[in-house]
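Sending over a structure as structure tokens; questions will come in a sec.
Going in written order, the chains are labelled A, B, C, D, E and F, and every chain counts its residues from 1.
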Amino acid sequence: MTVIPSIKRDYLSKLAKQGKRADGRKFDEFRKIEIETGVVTKAEGSARVKIGNTQVLVGIKMDVGEPYSDSPESGVMTTAAELIPLASPDFEAGPPRENAIELARVVDRGVRESEVIELDKLCIEPGEKVWIVFIDIHILDYDGNLFDAASLATLAALFTAKVPAKRFELGDDYTIPLKDPPVSCTSVKFNDVVVMDPSIDEEEIADARLTVATDKNGDLRAMQKGLSGSFTTDEIRKVIKSSLDNGKTIREQLYKIIGK
Amino acid sequence: MKSDIKLIDSKGKRLDGRKFDELRKIKIEAGVLHRAEGSCYLEWGENKILAAVYGPREAIPKHTQNPLRAIVKARYNMAAFSVEDRKRPGPDRRSREISKVISEALENIILTEKYPRASIDVNIEVLDAEAGTRCAGLTAAGVALADAGIPMKDIPASCAAGKIEDQVVLDLGKEEDNYGNADLPIAISPRSGEVLLLQMDGHLTEDEFNKALNLAINGCKIVSDIQKKALLDKYQPALEVD
Amino acid sequence: MTVIPSIKRDYLSKLAKQGKRADGRKFDEFRKIEIETGVVTKAEGSARVKIGNTQVLVGIKMDVGEPYSDSPESGVMTTAAELIPLASPDFEAGPPRENAIELARVVDRGVRESEVIELDKLCIEPGEKVWIVFIDIHILDYDGNLFDAASLATLAALFTAKVPAKRFELGDDYTIPLKDPPVSCTSVKFNDVVVMDPSIDEEEIADARLTVATDKNGDLRAMQKGLSGSFTTDEIRKVIKSSLDNGKTIREQLYKIIGK
Amino acid sequence: MKSDIKLIDSKGKRLDGRKFDELRKIKIEAGVLHRAEGSCYLEWGENKILAAVYGPREAIPKHTQNPLRAIVKARYNMAAFSVEDRKRPGPDRRSREISKVISEALENIILTEKYPRASIDVNIEVLDAEAGTRCAGLTAAGVALADAGIPMKDIPASCAAGKIEDQVVLDLGKEEDNYGNADLPIAISPRSGEVLLLQMDGHLTEDEFNKALNLAINGCKIVSDIQKKALLDKYQPALEVD
Amino acid sequence: MKSDIKLIDSKGKRLDGRKFDELRKIKIEAGVLHRAEGSCYLEWGENKILAAVYGPREAIPKHTQNPLRAIVKARYNMAAFSVEDRKRPGPDRRSREISKVISEALENIILTEKYPRASIDVNIEVLDAEAGTRCAGLTAAGVALADAGIPMKDIPASCAAGKIEDQVVLDLGKEEDNYGNADLPIAISPRSGEVLLLQMDGHLTEDEFNKALNLAINGCKIVSDIQKKALLDKYQPALEVD
Amino acid sequence: MTVIPSIKRDYLSKLAKQGKRADGRKFDEFRKIEIETGVVTKAEGSARVKIGNTQVLVGIKMDVGEPYSDSPESGVMTTAAELIPLASPDFEAGPPRENAIELARVVDRGVRESEVIELDKLCIEPGEKVWIVFIDIHILDYDGNLFDAASLATLAALFTAKVPAKRFELGDDYTIPLKDPPVSCTSVKFNDVVVMDPSIDEEEIADARLTVATDKNGDLRAMQKGLSGSFTTDEIRKVIKSSLDNGKTIREQLYKIIGK
């Protein structure tokens, strides 16, 4: 548990009062996003996403297994995240801690609750055999805003993945049946300023965090507030607005990459 | 998951007879345990929850101490027998995430700067689980903290709103949670109205979200009244004697 | 490992020399016992037992599973105890430690070796499907003598549990087939005095502990000595006598609650 | 478990030919390991057990230290190949319980107050297991402690009695343990006759219990003699030379 | 495992067209990560590997510190999606052994005595795995260490030789690894020619071993040139500006 | 992490310069080896090997289980090693650490890669049921050179083991089908001297370690270099030579014991 870095806080707050951020961005502006797909040969699908210097790699693997007894005609999806020590001097080896668990669960819910993967189309034999989709999130370089990088990389990997039917002698490979995905945008609040796509410095001094996933109709599909600070209802509504705006742009970039 | 269950009837009544803005029955009792410094037993619909507070006490191991304030460690745990299919004892990913968001919400409201290097431990045991255990657990934790005399800016109150059959309603029950369209659990500081916890799963238009948020905030205020009454019930007799 | 609280020891020993205990009880007297059953809706059976301020909740869950290969026609029982940090400032979260393991094993043996559950009647298909009985011991408030509280709550929960046959589409629910149970009574020794149903203060200064489970015929069904102190054979025989006496009274109270 | 096996024949002989008050064959050798400060190899029927003692040495981690006395950490472990169906390596609940009761029994008899802050570590490895490994392990531990020169009030000795076919007998063998009616393992301090360890499973009348306890205490005394002989066998030659 | 696959054709070409003494295609880039103090991205055939270095920094926990030198902690990890059948995340016995031998090889070559009590952490992530990940990982680690400015006697280079269809060849590919007769991964200090890492599985005559060792050492030297070029490519532009 | 015991290093190095070792052995000489088989009744096979004061016990257990999906007609073998705290003041209880893992993996590869066990003959029903061979290495007394002691005990245990077919109602017991085994010899290097079969003192100051397993034809079957020191190619070739020599002698001793 570290003492709050008060010098950093003072500096960034002072800038914020002048309407500025340390890297020159506007409060509601994302850093440059790069999306690259098909980066891992062994994976069924993969994508590397950079948001500024943050870099996340997501790989999709699939296997054949049993369905859950309460949904015998549905495929299964599972999401894991590792904050591997490669990505930051502060990440430690070992089983996932709270932060990695929250990250994996937020990405997982973003995909699961919006039914991005049409799991009912991943049934092979009802009650017996279904496809299992493993989403593995690998953080490579941590410079702030893992939630959005991980969730965007997950979507790009899913949309370019192939069901490896041939390897399992189940016919020809085909793309995973997917619905239109929600895009996640994260903001943080410090000293009563709310900024989108926080850098690592902004994250370090943040009081509160809010992630909002929106779909192409401009509807809300998932939200997660984090950290011990609070938001007023006005702030929440504002964050939603700018998440809708940024979500639209990011969606266009994603569509281009995945050829949609 | 789909279902043929009709969650709201033609008269606007829900499965258990509630109106759209009605909470399930809530019963709160403060100070129910002997060893804990503060405790609370809460029933919310079929949910049964115990919360117990220990501390402020020296945080161990030492490297977890914060020299400027107390750390707040909430531990949300489901008893093995609290759900239909027995749950393996010990924390899973879901309970660890809930422990994290509840810890963060409580850290906001406790005057942690009064107790540098200390730990305030909040144990939340779900003995019987239906929908809404995280809101119920956070609500019980608030009462247990007050019962322990931990100084707080306010007593946090929690409640969810959601959407079923395209209507925004308060406090989803079990079937409503399983077959509904969206769930929005929140917690607020009742005095300031600020939002301490917020999660949302499902599908809401911006307009529906605003409705649901207002409904949930109102729900929190009702919950807050029940919390205060429980604390009064415990301390009133003592006060009257004085 | 704490230094023995010598002031407490001196005080309680002095009282003991005068034939007294701190809470006014006689050496062989139990605190007030309260038994409440059916406290958890989701459980197949449940009971909360209070002995003084000690409070233990036991829930019974059942599932259908495979029998052990060396007893293909027997149901399976398993007992777990958690000393959750809710119940005492000294309990820590995490996997069960020695104390919780000993508690669970002593309760388990008390039920298993006395064949309280007629496991052979919990067979569904020999070698294939049997009922599994999960006994989960949840300590809620720890003020001494967990062994007796946990074992009594286990019996009360078992005797009011229903086999959930309907949920598994195996006919109508029915009560678990059970035999007459042994009742467990625990004593501790400190400074050569032996007292029944120790309070937490008495436990803290205790040199030795002896738990004796007796049945309705006055026979011995299980014993467990604990802690590093020793007993003379005379002391053991005395403890057995007063365990028989107290066991009889507790059994009557249990029978009343479970309607036997 | 039921069986048609006749555990005692008409002449009062048990399956392996023993009388009711007869021990299985016991062989004890002290000082068998090079690195350990004290050690013991013991065969008891088909049981084969090694015990090794390290310490007194500084207890680590530090927070386990007792400023007034040494802590005694016995670790009872079964080799994966010591039982018919391979056991997964590492402690299970059974071995952790046995480690606990053996640690407690040894703590009683070691003069722990001589070594504040120290740890005395007793490792018991079951290489071949039949019935009665906890008594055999504790007996071996006693010899290893003496071999290590750890000051003790006495050398603890352990033995079980039990009931088979409604008769009280000494030292149950494998079949007797599986199909018998009761098992009563104890350990005593042979000099004072005090009981250091006692567990009982099964069904005994008060009268049978008294018989079994006496029988087991006698068994412990025989075991005690074998322990002393093993130690003499090791140290006698050295003494004779002096 | 047997196979009808012909690993070398009549003209001495291997499955992927290589000659017996030819490496797979290797591509190395230094300094690819922002947070790490030194990093390297390496492709070796189908292998894709990232290495990142942190430190020297205080070793924690404290009891792992060496008062005379830095400790080197290499962590070799395979991404879950790097192999055909998904690997469970976290270290298994294989990766822990590889981490150990790589740590030892690096400890030899880093001037650890310059940083008493420090830790130098080398993280090797296998993103895409074919045969030869330990050599590829160690090679990438060497570049990342140089990129981090960690003082070393030399930059370690690694490569394997092996035997397929009774011929000694360099740098086994996937099929060659599965169906070949022997694999000999080594690492050397290119300047001194000393062997830092060596493992051998399979079947080699003494003579074949000597051939394979020479071949592997030559391979290491080629790898070493590619490592140096990658570092030059990164630092040359900076140097030219000066 | 201990400071290198420099006094010990100085003493042993000084001796080495005079061509001597502390216990009087020549550089390439093994300590006395004792092999005893059939020491554990419950095991399918077992052997205790002493090399000097080092003592290792290996037990073989077998079970019937499923084959791996990529080799449906092969039995399965698995090797585990425990550095139990009985054997050394420096071994700790708990899950195996790096040293135990390396030991188990080196022994395992020595057996597996040389195909000592003819796993294809341990198939019962292809794809369904095969024999599983568990090799458990138990270190009893650690005085240096565990690799060779563990690998020799493994061979002696395997060669005297019986497949427990009768217990599984699969016919009569028979010996495990085995090929001629490689014998492992370990050397260490300190201050530019290389010695065979290191004592614990020599291991403690060693810079580098090399294990070489050779077969009866004088071929190499496995090698493992350990520790952070390096070897020149000349040193490696010398170690191979003396491993061949010692391997021959040890093989003869093993053959005598197993009656081959």
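Side notes on the structure shown:
Quick note on the criterion: a residue touches a chain if its C-beta (ideal position, glycine included) is under 8 Å from a C-beta of that chain, and two chains touch if they have at least 3 such contacts.
Keep in mind the model is a prediction, meaning the values are calculated, not measured.
The minimal number of chain-to-chain contact steps leading from chain D to chain E is 2. By residue number, over half of the contacts seen at A-B repeat in one listed pair from A-E, E-F or D-F, namely E-F. Between chain B and chain D the CA-based rotation angle works out to 120°, given as a multiple of 5. Between the Cα centres of chain B and chain E there is a gap of 52 Å. Centre-to-centre spacing of chain A and chain C amounts to 49 Å, using the average Cα coordinate of each chain.
Rounded to whole angstrom units, the spacing between the C-alpha centres of chain C and chain D is 27.
Centroid to centroid, with C-alpha atoms defining each point, chain A and chain D lie 58 Å apart.
In chain F, no residue touches at least two other chains. Chain-to-chain contact here is organised cyclically: the chains close a single ring, every chain touching exactly two others. Beginning the circuit at chain A and passing next to chain E, one meets the chains round the ring in the sequence A, E, F, D, C, B.
Of all residues in chain F, only 39-44, 46, 53, 55, 57, 59-61, 63, 80, 82, 84-89, 93, 95, 134, 136, 138, 140-143, 167 touch chain D in the complex they form. For chain B in complex with chain A, the residues that touch the partner chain are 1, 63-68, 71, 93-94, 96-97, 99-101, 104-105, 107-108, 184, 189, 192-206, 209-210, 213, 217. Listing the residues of chain D that touch chain F in their complex gives 33-36, 46, 48, 50-52, 54, 57, 75, 77, 79-86, 89-91, 121, 123, 125, 127-129.
Taken in their complex, chain F has these residues touching chain E: 1, 3-4, 71, 98, 101-102, 104-105, 109, 113-114, 210, 215, 218-233, 236-237, 240, 244.
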